[in-house]
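Common to both upcoming complexes is subunit A, partnered first by subunit B, then by subunit C.
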Partner chain A sequence: MTTQTAIFRIDGVTKSYGGVKALDSVTLEAGVNEYLSLLGPSGSGKTTLLRVIAGFEVPDSGRVFFQGRDITNLPAHERGIGFVFQNFALFPHLTVRQNIAFGMANGAVPVSAQETAQRTQAMIDMVGLTGMEDRGVDQISGGQRQRVALARTLVMQPKLVLLDEPLGALDANLRGRMRNELRAIRERMGVTFLHVTGSETEALAMGDSVVVLDRGRIIQRGAPDDVYSTPASPDVAHFLNRFNLFDGTLVDGKFTGAFGTVASPKATRAPRDVYAIRYDRLRVMPVSTAAKGPALKATYIANEYLGSSVMNFFEAADGKVVEVEHHLSLGAPETYEPRQDYLLTWAADQAIVFGREGK
Partner chain B sequence: MESRVLKPMLAVYVVAFILFLYGPFFVLGILSFQEGPDGGPQFPITEWSTYWYRQIFGLTPPSRIAPLPVGEALIRSLILAFMTMVTSTVLGVMSAQAFRRKFRGSGFVFYLIVLGMMVPGVLTGLGTSLLANNVFDITRHWYTTAFATHVAYTFPFAFLVMLAILNRFDGSVEEAAWSLGVSPWKTFRKVTFPLIFPGVLSAMLFAFTLSFDEFPRSLFAAGGSEDQTLPLAIYGTFSVEIHPNIFAFGVLTTLFSFALLSVYGILMGLSVRRARKLAMQEEIA
Partner chain C sequence: MSDATVTAKRQGPSWLILPGIVWMALFMVVPIAMICYVSFWTQTTFNISSTPTLASWKQFFASDTYTGALWTTVRIWLIVLATTFIIGYPTALFVGLFVKSKTLSTVLLVVCVIPFWTSFLIRVLAWRPMLGKEGAINIILMKLHIISQPIEVLLFTELSVIIGMSQIYCVFMVGPIAFMLGRIDRNIIEAARDLGAGFGRIFWKIIFPLSLPGVVVGAIFVSVMVLGEFATSSALSGRKVNLLGNIIVTQVGSLKWAMASVTGVILTVVMGMVIAAFLRIVDLKREL
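Let's turn to the complex of A and B:
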């Protein structure tokens, strides 16, 4: 897989809506055949970013390049960039086959009727819609509609496909299947995908690399496991939904929080002092234990069964809820007494510390 | 219980409403079957007959009552209504399309368009005739000046209908078409227009019926006797003497309108059923 040559690049793109900056000088690049996940909370500007690349919105400033060409002022229909909508946006008055053939039948680049029919059928077979060709798009299920949306885009053989939370409208089971299909399609066709999602699991599962967006800015970009284990800022850690975040103060390499004072020599520079420890790195001890490292007394509230793990919820003295994840592969979960106090501990080197004096 | 009082009151209201709406037409309908040519436009019915219907179509022997001078006027009115319908609907769709994006002065333009249905028709008609006579020095005709006033009057209706339709229109299907390499014009033809067609049908119906029985604007803006539209021609016969042939003609035109409405209703019903099926499928999925 060559990811050396950039298929598209956006350069310092800014876009405001009525004074609110949806994108704040964003610069981003993706290589040929790369799968890029764009992760961010709602309102972080990720959809706006896709719409700017697709040509549905014109940026206030900055340039957009695609295949080495400046396309900032090119209308959407001349860009050759595929777009899959969150609500699928199928043509409700057309059949499955007509939906998929639409771009070839009506596009500026003429495609012969024979080739159109051939490519449409091949695509229908590929996404597993054989036998549904002549149904209206109102007569198929949500997952099938999603595949029509995808097929309609892919049949145009674009080099870049933008996916705007296309799996959001599906149930968990279908979502998993569609993820696999997307991966398979990409292997077969050599397309660069830019996938916007609000789900951290989806972003981490799908992307060759993950881009985290917050308030119109890119706050981290990296391989999924890097982002997961070393979030670049408290905001990323918060958004990954995998970390307990404690406020406190970082002074001279020592972090002081509700759990005591801990030596934190390798702090990451951030605008505020935050101590982050992953849910599955905490240990629950009897309250009488004499802990060596950081320790926090907390009251057990309840747990939640997640299938492969159990999430235990504790409440610290200051009212903060602390989550402790127990992976079931590590053995049966212990049972805790509600409203009883326990001691939560962890190894100090497992924590990620952010602070103004960090590097 | 509230409904014990409210329901009979509402029932009475509905009956009264229907009575006021259809009562006059009903009376005219009965009187149109008056005996002719001596029977007058009043009760009692001296003898039931279809004389006046036959008289309209020239199937009765000549008598002292001249046939209604409506033949050519009817054709004129139909052509005028058709021209108005096409022009206003095209303008309405285009301008409503423009209003999907905010543009500078859009509020002002909105009121400018809607003004056409607010200004009293007599003023528009009179103003147009003065303008034609004194400023531009053009001869007034039903297909020129009257046509212009009809469009100015019906265009706002078509515009408002289309505005409401496009307001609920999800633009992402158009963006989807663009992203497939389809030009905006072709997207409009192949995606937008088929989807807004029920609205276009409503706009056409509005424009046609409003133009067809338009009186005050035509009165001044249409020219002489060769330019009479149907409402003008009928009004002309009033000034001499009223005979039941006008009632018979009224019944015929009303039936024609009902026929048009039925066609519209059937077309609408088909597309609504489609939409409902779509919504239902969505719920299941």
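Let's turn to the complex of A and C:
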């Protein structure tokens, strides 16, 4: 069933909790040394998926393979898959060193006392915790705790590490640093990472490939730039948090929405008709401009400064909020008058159109 | 704001502690001082005078009855402590850790407390019709033809005292342990499993150490109550088992205040040592 290059593979895994399907026949595989980000809103089943792979949950149906072996019924402590918990789950009564050395004394993989000490120290040095070995885990900062959690898992030299929103508990600054460190560690150690996150920026930044999960189903898998530029469905476009989505109707290759009727010859097949245009593809014009192509009259509400760009919020006649992103590298932002009408336009070929008649 | 002001703010005005000090002084320090003082008084058959003497102390340690009561107290305390722990820990493990639903574990804890809805004496005396020669246990065992003669050792022996005390005080062991176990983050246990630990290792390396503060609190509860016991031993042993508590009751009953005080001081010292020993096991300040 498994291919030689796949380090793990799950095959048609379904898991329900009280009649609600958390996972609905999910099939997924990852290659050796691959970094897979799993993106999905909360409740999409992404944590359940990790827990099934780690062995904390038994799937209702489907199989789980790891290194070519069926491990569906293998208990968690015999799997040799690393798991980094969202809240780190460090052993509160043990020191940093004891936390990191814990796994090697468990006998799943026989490790001599000397090697344990050596590997523990090497790992402590690698994650930059030298000098804190004998502190209790409640005496170190959040970022350091994160490293202990990571070191404790990596010291076991697993071939697959599951990360359950490991950066969620850190502040933005630390999150950026840990992201870089995770990438560096993976390049040094040759580990496959499966990283669950609810943050689209994290998923796009970290993964070799991004898997988008919604309501227990995988709805897209691809390279980050593919997912970003060609979301497979309106839902994916929605999770990416980079698109204005307009409802409307697609008939005979023409999409009709609040902005008029636009020829949309290359529609993607989807269960509903949605017109998506990226935040940074919109142009703001004076309301008197005679626009060629799609145009939407909207009232300026407010803006939000994001550091490298400015997000402008407009409200269309039907109350829908339209977001326009202006990258500061393209020049200073224009200032708009609050409660003033503007015309939002874009090039029709930059939109992504979903519809029942699409291909 | 300087550090000193911050500390003062956090501690609040110091007069708030006054009621506590007055309370403790009136009901603990003064009575204990009084007991110590009275233990050196001179006791005659019908009278007591404040002339200091060591007579009562010498009498206590010279008499087999009194020293015997001290050892019986220590022995029964240790046995009851062990049985409440052996019965209580698995129960707490079930209620606090294995039961996943918070509602169910609360219900189970309430069930443990239900016996307390009746008075202490009723609970003790209820063991008599259970354990007696023609009591429930003997009747059932004979009806089932497991035994042909009633087991007489069940009532009015040290065993019956131990059974009674274990039942009455077990819940004080279960409560604190279940509480500590309930506070363990389930992810920690899963993390240990993920790192290759089987159940045995998870229990000894993770669960048990984390529940230790609960064990210590429970053990202190049980110890303090068992060491000061007199009702269970007199009601279930037919006066054959004399604990320090029973000695005090008898001595007070016969107005032997000096001897009662000596016994009281010794009992207080024993309790103090026991509590100090337990507190050395864990740093409760840090854990709770």
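The criterion applied here is as follows: the second predicted complex is superposed on the first by the 355 of 359 C-alpha atoms of A that agree within 3 Å, B and C clash if a C-alpha of one lies under 4 Å from a C-alpha of the other, contacts with A are read in each partner's own complex, and residues count from 1 in each chain.
The rule is short, and it goes like this: a contact is a pair of C-beta atoms (placed from the backbone, for glycine too) under 8 Å apart; a residue touches a chain by one contact, two chains touch by 3 or more.
Since the structure is predicted, the reported quantities are computational estimates derived from the model, not experimental observations.
Once both complexes are superposed on subunit A, the partners subunit B and subunit C clash. Once the two complexes are laid over each other on the shared chain, residue contacts for A:Gly82 go to subunit B and to subunit C alike. When both complexes are overlaid on chain A, the residue A:Gly190 reaches neither subunit B nor subunit C. When both complexes are overlaid on chain A, the residue A:Gly260 reaches neither subunit B nor subunit C. In the superposed pair of complexes, A:Gln139 makes contact with subunit B only, with no contact to subunit C. Comparing subunit B with subunit C, the partner in contact with more residues of subunit A is B. Of the residues of subunit A, those at positions 54-56, 75-83, 85, 87, 89-93, 102-103, 106-109, 152-153, 156 touch subunit B in one of the two structures and subunit C in the other.
Those residues of subunit A whose C-beta lies close enough to touch subunit B in the complex are 54-56, 75-83, 85, 87, 89-93, 102-103, 106-109, 136, 138-142, 145, 149, 152-153, 156.
Remark: subunit A residues 54-56, 75-83, 85, 87, 89-93, 102-103, 106-109, 152-153, 156 touch subunit C in the complex. For subunit C in complex with subunit A, the residues that touch the partner chain are 185, 187-188, 190-198, 201, 205-206, 209-210.
Here subunit B touches subunit A in the complex through residues 170, 172-173, 175-184, 186-187, 190-191, 194-195, 277-278, 281-282, 285, going by the rule given at the top.
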